[in-house]
Structures are given as C-alpha cells and as structure tokens.
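You will see two complexes here that share chain A, one where it goes with chain B and one where it goes with chain C.
Right, the complex of A and B next:
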C-alpha cells in the first residue's frame, strides 16, 4: 500500500481532467491526477480533431460560439505544437438553403467570430475537390488539434508546476467522512499496487464515466448520458482546410484534415455504455453519403479507420435552476456540497475539446472559492512545455525531420551512420530513434501507448509493416521478452481491426488482405504461442468497470 | 484501330497460377500469350510451395491427405487431388532440382516473427528442419529493419515442435552495410550485395564472428538474388548449416522463384507481356473472343480460342468489394460468390467470410453463373480469384494455384483435341 497526499485529486485523464490538474497546479495547489488507462484514451482521443472557430454555433448556440472563438486563439497559442491552423470554410451544398449563410454571417458578427464570405471560384481554387455545385462559401478560423498532443502538453505543464500524474490507476473508492471527502483509493493496473491518496478536494472529471465516480462518494443520480458519435478517417487529405456544411448543426456536417488523413464526422446517438461503443453500418453509410455531398467521389476514396467517441452529456435534475453561476453552455459543474451535502467534491462534465481550458478554469475557480483563497487562473498566459517554440504544427514536419537526418555531403564523406535514422513506420515517418526514445521514456507503456505517442501504425497500412519492427525493437531494447511482445503485437493488430472492419471496403480490403498475407501467410503469426495479455492491456474499461462496481459497493458502505 | 495479337490461349496474370497454366499449355504445343498488369504475387511469397499447412485443428502433417480430404466447395475439392499432384510434379520437373520435399510431408521454416511455419516443397538446401535440442543462432543485419534477431530467436525457442521439445535459440545483430552509409536497407539490397563474392566474404566473416561451435545459423532470406552460387558459397564460408528465414515483402526467395519460372515460361515459348492491364472483353454468345489491354502507348487486342483468368484475389485488385457492399470481379464482371451473412466480423482472429469470396468454378475451372452453368465455354479461372479458401490461414496458396492452373490447362487441351 502506497500512501500519497494532495490538496486536489483529479479523477480522469482526458482533456478536462488534465486541464483541471494543470490549472490547479498553476494556482499552487498540490495536485494528483489519476487515470484508469492512458491519458486521452477516452473521449479526448476519439473525436474528429476540430478546433472550433465558433462558426458551428453562431446560429444554434451563440454563447458557445464566442467561447470557442476566444479559446481557439488561446489554445492555438499555448498548445502551438498540437494545433494546425488550417482555416475552415462553411459551404452551402446544392440543395442547402443559401439563406442560412446570411443568418450565419449575422450571428458571426454578433458573436465576434471572425468570418468572411469568399467567392465560389476562390473557394474552389483553395479546395479543388469541393463540390462545384456549392452556392456560398464563408471562411472562418477553424483549426485542427491533436487531442493527444494537447493533453500531453498540458500534463507536462501540470508536472512542471508540481502535479503528479498516475496513469493506469483505477479509482476503487472515495472515502467520505463527516460529509467531507478524505481520500481516494486507487489500484495500479500495471503493478497491482494499491494506492491511497489523502486529499482535501476531489474533482471528478471522468467524462462519460463521471456518474460512476460520483456514486463512489455517495453522490447519486449524476446522470451522464454518453452521446455516441462515429468518425471515419479517409487515407489522405481530400481537403486541406476544415470543410463545414453551412446548415443548422447536423450529422456528417464536417470534414477535418488532421495529420495525413481527413476525418468526416459525426453522428449523435445515446449509448448505454461508454466502454462499448458501436460503429453501426448504417451510420458509416450516412457518413460516406454526407462526404459525397461535400466532395464528389468521396465513396471511391479509401476509408482507413473508423472510431466512436462518447460525448459526456449531463442530464442532472437535481441542479437547481439558480445554480448556473459556474455553468456554461455545454458544460456542467456540479457542486456536490450544495447538491448532495458532500464537501470537497465537484463533478465537471460536458463541453468541447476546444473549450477544455475554460472548463478547467471555471472548475478550479469553484474549487479555489471553496478552499477559501480565490487564487487567480493563469493557464492562458503560459505555453505548455512542448509548445514553447510557438510554432504551430505543420503536416510536413516529420518529413523535414527525416530529411534533416539524411546523410549529407559527397559520397564517402557523409555524416556518421546512425541506426536511429531507420524509418520504422513509413506511413507516419516514425524513425527508430523516436521509437527507442519513447520506449526508454515510457518503460511501462505498451504498443497502443506508443501508437498514440508516435502515431505508429496509424497510417494507410494500419501496422502491416511497422507492427513487426516495433515488436522486434521492443525485444531488442529489452523492454519486454518475445512472448509478451508477441502477445502485444497480436493485441495491437486485433485493436486496429476494431476500427477497420466497420469500414472495410474498396482499397482498404486490398490493404487488409495484403496485411493478412504478411501477418498470417508469410509470418504465421497466428501460430506463435502467446501468454495471456496482462489486465492493464485489456480494452479500456472491460476489466476495470466490473472491478469498480464491486469496490464501490463495499467501500461506500464503510 | 488497335493492334491484334492472336494466340491459342491468353492467360491473364503472372503469378504461380498464370505461369503454371501458360507453361503447361505451351509445353503441350499451344501458342500462349500471358498478359499481366504487374509482377505476379510470387515476388511477395515465401518462395516455397504451400499445399496445406494449417487447419482450425492445428498443424497438417500430411498435406496430400488434407487435399484429398478437402471439404466440398474448397478449390481443392473442385480441382481434385490429381490435378494438385500433377501440377506440383510438373513444377518440380520444370525447375529441376529447385525444390526438395514431397507432398505427404510438412516442412517447417522459421519466419521473421519467430514462428515455425508449415510449408511443403522448399528451395533445396536453403532450410534446416528443426529438432528438439538443436542449438540455433539467428543472425541479422541491424540495418535491415524487417529482421529482429532477438524476437525471432525468442519465439523459435518457445514454440513447441510437432514431435515435442524445443530448439534452443539466441539472436544476434551484426553491423554490416549493404551499401555504404545506408542504415535502412531492404532485403533486396542485401541480396544484390550478396551476389558479389567480395561482399559475401565480408558478410561471412561478420556472421562467423558471432556464431558458436555446433550452432545452426538462421539468416534472413537474403542470401543472393541472381547468383545461384551465392547460398552454397556462403554456406561454405560460414561453415555451419544455414537456414533462410521468411521475411516480410519484398521476399527474395519469392523473387528468385518468380525470375526462374518466368524465364522457363519464355523458354517454353510463352509470350509474356508486362504492363498490360485488361480494359475490356469482347464476347460472342457464350464465348470470349478477345480482350483489350492497355499496353505501352496503345490498346492491344488479344484474341484467342481460350482464356485463363489468373489475376489473383483482392490483393491484386482482381476482386473488389465497394462501399455499397457490392462484390465484383473486375476484368470480366463475373459473378462472385460469398457466404451469406456479415462479410466481416468483429473478432480479428475469427474466420472472415469476405476473404473466402471468389469465383465458383466447374471441374474445368470455368466460372459459373446463374443456375450453376459456366458463364463462357472457353473462359477458365485459376489461383486466387477462385473462392472457397482463406489461403493465408491454410497455407494453401501455391497448392491451389498449381491444382487449379493444371485443371484449367488440362481442360483447355482437351477442348482443343
């Protein structure tokens, strides 16, 4: 049993939780964040990558629009390395009401969302694949953001300000005594160690799982309804700016260029369990048809991966109508003192990735007020450690890095050989050096963690070539033995399949068959005996959810 | 006006199925033209001949028996065990001395993930059969990223052999550049370098330096591409039994076999036209009259009495499954058969019905249409385009190619008599 203590414990390592941890740490509170899997493995890592300009909400939700516009500028600055300033267009497709564009422009003006109508010829010059039948086009300041990079940047910042981040830690119980939270009990899924954190305040930022966490402290009926949305990534950038349908917010109305792919999203359906999100065939068809409206020929392009994320939509009937001071549109902060008589605990849920920092600020404002010292928020002032250069992400950065590593000078007088310059993953231009450094820096990590850190295996071949190399290098670096590495390679391939089989058509069938010939036909991977995969590597939540439920019943009764 | 080339038979596709049927017909005296969009699948293959290596129940020890017992609907059941045996025997005769082994025994070859992979006929002298207690050392150049010796050795040593027991194995990386200053070389770059005796000497010294007395040396399958003496020379220089490890593509043993078989086909009189993608087919009633192919600078019409479609499966683009769920054969538009129900399922390791999809054929390998009748009387299929098997799981690709190609060629010969 390990004993720790902190003034503030944050539960949940998504954008919101990490944002809260960073904010609290920057205000000088000793802070520990616990996350049951890797950072940004839930909703934060499962969205389309859009950094909203606010345009999407200028008609439907004006306050959100203004918040997005303000936060877009801040996030682009403090998370420069995670944000690509692609710009965006709102276009009226054939059949859409061109009059909506007038409402849009009026709303944008009123909400201070920068927007300007451009000529159709200019729009088509910028994005030649756009449907030539569009009737209006408005440019906005949409960007794209890598949710993982953003969260890691914020986590690094939090750590630099003294916070501790514990990943792969399940919260098993929250101790409440005399109406005040006392401690958070955790279980390290990798080492099996139990950890007790004595604390003064608990921030529940577990997103779609927030209801379970609140219940652990005896705060019941926090109803977070997971709103499931699917995304489909096409294997290259059909567009280089964010393309939005200029209509009232709907399904399949955005196409977002992120890294080497572009992503169409999304849908919205209530889900029962955020750990088991479906990617229904009819919704995939809906996305493809929606893509076809924006980009003729979209269906003939290659879909490379699909995934589903769960929006944490709070439906709380106990929040009184007057309790809106710390509420903002789309985000809900539940004060469990007022609501349940439990002091030292708030739940934050809802919101958007774009406004994660603002959500964190509002939450920690409340925490700080309850702790009685009202310390000011400074999170908008300081770039995170990974973004100190101030240079925004560009699609070509890895190509530039790899080119810089090439031997230079005349033959025979080149720079010394460096095995680190081997390209392990050609699709995403990941070098052996990057992989070896990552393995060394994250000794507890496994393949899916490395994938999120490096984007290894996320390109068109979906691990067909790099999975074997990564496995071999992990063994060679003694990060794990052949048995464990092979088990994880098989798990990695099976995990990739989760996002492949729902969109398996066209050229991706050909790629998958080639990969099958490699993995099974040539290598005979199917036959290598493998040990059971450690529990920490099972798909998010499967083992954890069951364990949490049992522990909750026991510990809360205490 | 397009140019027209007339032949007795036109074969489409340059993989093992296409080459086998073309050679068989040419050897029978026919004028054969083989047209192909690209290089055949042999260049990506492991270079050995699979017959049937694995079933759901595990390792197949007698491949010929498995072929004879093939379930109805499997390409082996349609082509027949005799055609498979005849095709394999013919291949071994054409490339005299190339292969060793027989159809009743499974051989094991090590792979780049460290599996003992079952196959049947192997390149003569290039493999060592594992036995319990043997000491193996896996040696790989660090600059070749598709070979990771520690992983391979670790898995080879922990995988039980069919007769029980394990080999002992260790992995060692060596630093040797195929090309000066290159840290990221493919197996082909090494194979070409090893065609040179001077590099072979350097390479052999580097290997010898890490090998212990009494060890069997497993090296990636890069031991020479064009020089047939390279393997024997390295073997002599290193002075230990050598065994080649199956690598991800590009696969050097597959390229060797492809080169040898294409050269043999040309010697046998087959006219091979590379870079000829078929654009369309002309039919007259129930016969194919000709196909138009996109050849350098112009369209060429290839007319023939018989046609063999040996263009492969999904991997080559001969079969397609589009976003609306339509399955198609892309050259002739032949009906594609697949099992009813979901094409793919959520469990990666389960059987995926889509990958068994393909043409249904009669005993003459003619694709069937409505009511089980051949679509055309003179159109035959061979190899990966035929449905009913997941070849990579079964380790049956070459055997199906040989059996169906032989059956197609036999039917064409008989039809012309």
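Right, the complex of A and C next:
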C-alpha cells in the first residue's frame, strides 16, 4: 500500500481532467491526476480532430460559439504543436437552404466568430474537389487538433508545475467522512499495487464514466448520457481545409483534414456503455453518403479506419433522453456540496475539446472558491512545454524531416551503421530513429502508445508492414522480450481490426488481404505460442479482446 | 489554406487522376524493386516513397527535392498491379517544386526545336564544337550539362527539307491510302535517316505519306516541369498534325513523343482538349503499325538478314502498354535474332542523363544496357527512341539504329547488313 496526499485529486486523464490538473497546479495546488488507462484514451482520442471556430454553433448554441472562437485562438497559441491552422469553410450544398447562410453570418457577427463569405470560384480554387454545385461558401477560422498531443502537452505543463500524473490506475473507492471527501483509493493496473491518496478536493472529470465515479462518493443520479458518434478516416486529404455543411447541426456535416487523412463525422446516438461502442454499417453508409454531398467521388476514395467516441453529455431534462444531438454541448459543473451535501467534490462534464481549457478554468475557479482562496487562472498565458517554439503543426513536417535525413554523395551510398533514417512506418513516415527515441523516452509504453505518440499503424496499411518492423526494433532495444512482443503485436493488430471491419470495401479490402497473407500466410502468427497478455496492457472494457487476440478473429474485432 | 501553386494552374496536379490513384497503393513494393534509379542510388527514396506515400504529406507544396532524382522513365506506373499513377504523381510534384525557380539549364535543354534550328545550318561546326572538351567543361560549369553527356549529331539537311524534294520511288500506286508521318523534332533535325527509312517503308507498302510541317511535342519541357510551355507546344503540334486531314492514321518513329501525345500530356499535365484526344487516339508507333498490318496479313515477306543484334526496348515505349512490337516485327525477318536487354531503362530518360548532378546516376542505370549492347553485336545496336540511342551510342561507342533500319533492309530498300 502506497500513501500519497494532495490538495486536489483529479479523476480522468482526458482533455478535461488534464486541463483541470494543469490549471490547479498552475494555481499552486498540490495536484494528483488519476487515469485508469493512458492519457486521452477515451473520448479525447476518439473524435474527428476539429478545433472549432465557433461557426458550428452560431445559430444553434450562441454561447458555445463565442467560447469556441475565444478558445480556438488560445489553444492554437498554447498548444501550437498540436494545432494545424487549416482554416475552414461552411458551404451550402445543392439542396441546402442558402438562406441559412444569412442566419449564419448574422449569428457569427453577433457572437464575434470571424466569418466572411467568399465567392464560389474562390472556394473551388482553394478546394478543387469540393462539390461544384455548392451555392454559398463562408470562410471561418477552423483548425484541426491532435487530441493526444494536446493532452500530453497539458500533462507536461501540469507536471512542470508540480502535479503528479498516475496512468493505468483504477479508482476503486472514494472515501467520504462527515460529508467531506477524504481520500481516493486506487489500484495500479501495471504493478498491482494499491494506492491511497489523502486529499482535500476531488474533481470528477471521468467524461462518459463520470456518473460511475460520482456514485463512488455517494452522489447518485449524475446522468451522463454517452452520445455515441462514429467517424470514418479517408486515406488522404481530399481537402486541406475543414469543410462544414452550412446547415443546422446534423449527422455527417463535417469533413476534417487532420494529419494525413481526412475524417468525416459524425453521428449521434445514445449509448448504454461507453466501453462498448458500436460502429453500425448503416451509419458508415450514412457517413459515406454525407461525404459524397461535399466531395463528389467520396465513395470511390479509400476509407482506412472507423471508430466511435462517446460524448459525455449531461442529461438535460428539457430534451428527450434519446435526443443526444440536441442536449447541451455546453459544460456542466456539478457542485456536489449544493447538490448532494458532499463537500470537496465537483463533477465536470459535457463541453467540447476546443473549450477544454475554459472548462478547466471554470471548474478550478469553483474549487478555489470552495477552498477559500480564489487564486487566479493563468492557463491562457503560458504555452505548454511541447509548444514553446510557437510553431503550429503542418502536414509537411514529417516529409521535410525525412528529406533532411537523405544521404548525400555522388550516388548517396548508405552505410550499414546509418540506420536511423530507415523508414519503419511507411504510411506515416516514422523513421527508425523516431521509434528508438520514443522507446527510450517512454519505457512503459507499448504498441498502442507508440501508435498514439508516432501514428505507427494509423495509415493505409493499418499495421500490415510497420507492426512487424516495430516489433523487431522493440525487442532489439530491449523494450520487451520476444514472447511479450509477439503477444502485444497480435493484440495491436486485433485492435486495428476493430476499426477495419466496418469499412472493408475497395482498396482497403485488398490491403487487408495482403496484410492477412503476411500475418497468417507467411508468419502463421495466430499459431505462435505466446504468454497471456498482461491485464495492464488491456484497455478497460476490452478484456475479452485480450484473451483471444488474433489477427483474424472476427468475434474479437466486433 | 490553398497554395499559390494551385492558383497558378497546377491545381490539377494535386487533385485529379494521379493523386486520387494513390488510394490504390498497397505498399507491395513491386515498383521499388523495378525502379532503375532506386537500384543504383540511395539519393532517390524510390517511387513508392516519393509517389503515393509522400504525396499524402505534400499539401500541394514543394517539400522533398529528392523527388527530382526520378528520371520519369515510367517503369513504376507500368509495373504497378494496382493502377497507381506513380510516375505521373512524381512528375506533378516536380512541376510544383520547380515552379518559380526553374534552372536556365532545364529551360534550354527542353528547347529541342531551337537546338535543331540553330545547329542544322552549321552542322559540321556544331558537331565539332560539341566534341571540344574544354568547351564542354565550360558548358558544364555554366549550365550544368555534364561534359560527357550525349549530344545529338547535327545534320546538314533537315528531314522536312529532304521530304519536300523527295518523290516516292514507287513501283506501284499508293493503293492503301494516306497516312501522316510524325517525325518530331529529333526526327527532323538529328535522326533524319530514321525518318527517311520510315517514309520509304510506308511508301513501299503502298501508302501516300503526308508530312505537314510540325514542331515539338513538348515532352522535354513536361519532364522538366515546364507545363505551360509543354501544353502550348503539344496543342500546337495537334493543330499541325490535324491539318493533314481528318481521321488519318498518324505514324511515328519517335517513341517517346508518341507517349506524350497518347497519355502523358493528359495524365501528367491534365490537358483536356479534344484536339489532343483526337491526335492521341490516331497516333501509332511505326513498329506497332507494321505488326498490325502483319496480323491482318498485309505485310509482304521479308528478305533474310543473318545477324544477331542486341536491342533495348525503351522505357517510354513500354509505358505505352503495347508490349514490344519491334521484337514482334523483327521476329518476322528470316535469319535475324534480336536480343532484348531485359532492362527497364538506359538512364537518359529524355534529358535526365544530360544533367551534371544526374549524370553518374544515369550512367549507373544504363550500365547493364551498355553491357548488353557490347556483348555480342554486328557493329550496331537497336533502340526505338532517339535520346536512348544517343545515350547508348555515346556510352558504348556503338552505332545505334531504330528497328526500322532492318525493316528497310528486309524489304529490299537498302543493302542487307552483314556481321561486322
């Protein structure tokens, strides 16, 4: 049993929780963040990558629109390394009411969301694949953001300000005595160690799991309805700016170029269990049809992966429980002293990734008020440690890096000792040097962590070529032994399959067959004897997958 | 944000046929195993890397200058089992890269007509000058054209000048109707003999041959990324060729120019013009034309030629996906053995091998072709395209001929070659 103590314990390592931890630490509170898996592994890592300009909400949710516009500028600055300033367009597709654009422009003006109508020829010049039948186009300041990179940056900042981040720690209980939270009990999933954290305040930022966490402190009926949305990533950027349908918020109304792919999203259906989110075939079809409206030929383009995320929507009794799309996207801060008579605990839920910093600010303002010292928030003042250069992400970075590593000389002969520039992941241009450095910097990491850190396995081949190379290098660098590496690679491939089954058509079928020939035909990977995968490596809720992880097990994949 | 490049009219380059085809890449690596450049130098990252992989990162911008080591031989596109337009994508990337800072050298060496016009009236002088080593050293230092790079041999009379005066030496009437002969700029100014053989063969077979005055197809400009000039030239050429008459077959002995008209102008530069579509569907390589006649039973018997001759099928001809018709036609000549190199490229790839920084790569690429030519030959070798003949000729010291040279002999139009 390990004993720790902190003024503030934050439960949940998504954007909101990490934002709260950073904010609290910057205000000088001793802070510990507890996350049951890796950072940003839940909703934060499962969205479309849009950094809202606010345009999406100028008509439907004016308050959110203004918040988004303000936070967009702040996040672009303090998380420069995670944000690409792509710009965005709102377009009226054929059949859409062009009059909505007038409401849009009026709303944007009222909500201080920068927006400007541009000519159709200018819109088509910027985005040649855009539907030539669009009737209006409005330019906005949408960006795209890598949720993982943003959260890691915020976590690094929190740590720099003295916070402790405990990943792979399940919260097992919250002790409440005399109507005040006293301690949070955790279990380290990697070492099996139990940890007790004495604390003065608990912030519940568990997202779709927040109701479960609140109940541990005896605060019942916190109804967070997971709003399940699916997204489909297409193999390359069909557009280089964010394309939004200029309509009232609806399914499939956005196409987001993020990293090397572009992502169409999303749907919105209430889900029972945020650990088991379906990707139904009819919703995939719905997304492809929606893409076709924006980009003629969309269906002929290659889909590489699909996934589902769960929005943590706090139940609003003004709308029907099944209508998650029209529940407030705004943040909800529940003061459990006022609500349940439990002092020293708040729940923060709802909101958007774009406004994560503001949510954290508002939450910690309340915490600080209840702790009686009203310390000011400074999170908008200081770039996170990974973004101090101030240079925003651009898609060309990696190609430029690989180019800089090219050999020279009359015929550029390479020596066998010069392996750092070898390309390990061809789709995402990850070099051997990048992987080796990452393995050294993150000794506890494994395949899915390397994927999030480097994008290994996220391109068109979905791990078909890079997984084997990564496995070899991981063993060579002594990150794991051969048996564990084989087992974990198999698990990695199985996880990739979850997002492949729903979109198996066209070129991705051929890719999948080729990958399968390599794994099953050439290597007979399914029959290689391996030890059981340690539970710590199994994402919560995917225990079943770990037991029988194989590259071709359909049941697992589903 | 859109780039100035897209605004300048290269928007096509980023967004249509070739770029969309990158979705079909499965990383199988067949293109990289067949790429003649990647096998000799690590300066070039290879077609899969620089094509469908890097294109996902380019955003219409110029990022990776190593793509310029692609020779545009087109082997990658030819061998891709998934239909990825790899070479086309790379050519487009190169055009984006060079837009705004085109080397003077690349503007000069792509002006083939200009070269021909300047050199023909002073042919002996021009040929002598190109042989003066110190002068070539100066040219290398000034323009970046390698001192040892192959140069065309100027002729004192252009093909068009010859054709105007010439009368068909026919024994029969022109019973088969009219065909248009395309000579291209090399066939007009430098490879005049090949053009003459081609016309004499066609006339012997009973065609009335028309040669409307015409210029360059723009291929050299295209492969150097000068899309505006190339587009202008190729459309001007289409107008010239169409002036000879509607629907006539156009026969070409310039294999690479034929490819420009058939597919490259459209697929690489995005030229969408009915004149190009018309000419592109009527132009045919002369060896394919003869093979089609043979298949229809309309080619006369050939006289025997008792020789074993090395041959190299050029990359830019294979890229037209018509097999190797020269091998088929020459195979009809009794006593003749033609041995194909089995190599993807001789290294010159138009103007690639002329460039100072590419010369060593081009020579390494061509080495197996040169060795093949030198191994067993009757004093000459065969190849369908002009610049390849100059490259192989310069590097081997061997006389290089178009396959029509032997057809001309086998039809009794010139004395039959014998082993040297």
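In this text, the second predicted complex is superposed on the first by the 515 of 558 C-alpha atoms of A that agree within 3 Å, B and C clash if a C-alpha of one lies under 4 Å from a C-alpha of the other, contacts with A are read in each partner's own complex, and residues count from 1 in each chain.
In the analysis below, contacts are C-beta pairs under 8 Å (C-beta built on N, C-alpha and C of every residue); 3 or more make two chains touch, one makes a residue touch a chain.
All figures in this text were calculated on a predicted structure; none of them were measured in a lab.
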First (chain B), second (chain C), both or neither touched by A:125: second
First, second, both or neither for A:248, with chain B first and chain C second: neither
Touched partner set for A:87, first chain B, second chain C, both or neither: second
Which superposed partner A:423 touches (first chain B, second chain C, both, neither): both
Touched partner set for A:465, first chain B, second chain C, both or neither: both
First, second, both or neither for A:432, with chain B first and chain C second: first
Which superposed partner A:514 touches (first chain B, second chain C, both, neither): both
On chain A, the residue positions that both chain B and chain C contact, one per complex: 300, 407, 411-412, 414, 423, 465, 506, 510, 514
Residue ranges of chain A touching chain B (in the complex, touch as defined): 285, 288, 299-300, 303, 407, 411-412, 414, 417-419, 421-424, 432, 465, 468-469, 471-473, 475-476, 481-483, 485-486, 489, 493-494, 497-498, 501, 504-506, 509-510, 513-514, 516-518, 520-529
Footprint of chain A on chain B - complex, ascending: 44-46, 54, 59, 111-118, 142-143, 145-155, 158-160, 173, 177, 180-181, 183-184, 246-249, 251, 313-317, 320-325, 343-349, 354-355, 391-393, 395, 397
Partner chain C, residues of chain A touching it in the complex: 86-87, 125-129, 235-237, 240-241, 260, 297, 300-302, 394-396, 398-400, 402-403, 406-414, 423, 426-427, 429, 459-461, 464-465, 506-507, 510-511, 514
Partner chain A, residues of chain C touching it in the complex: 1-2, 6-7, 11-12, 14-16, 19-20, 22-28, 40-45, 48-49, 53-61, 63-66, 82, 360-361, 364
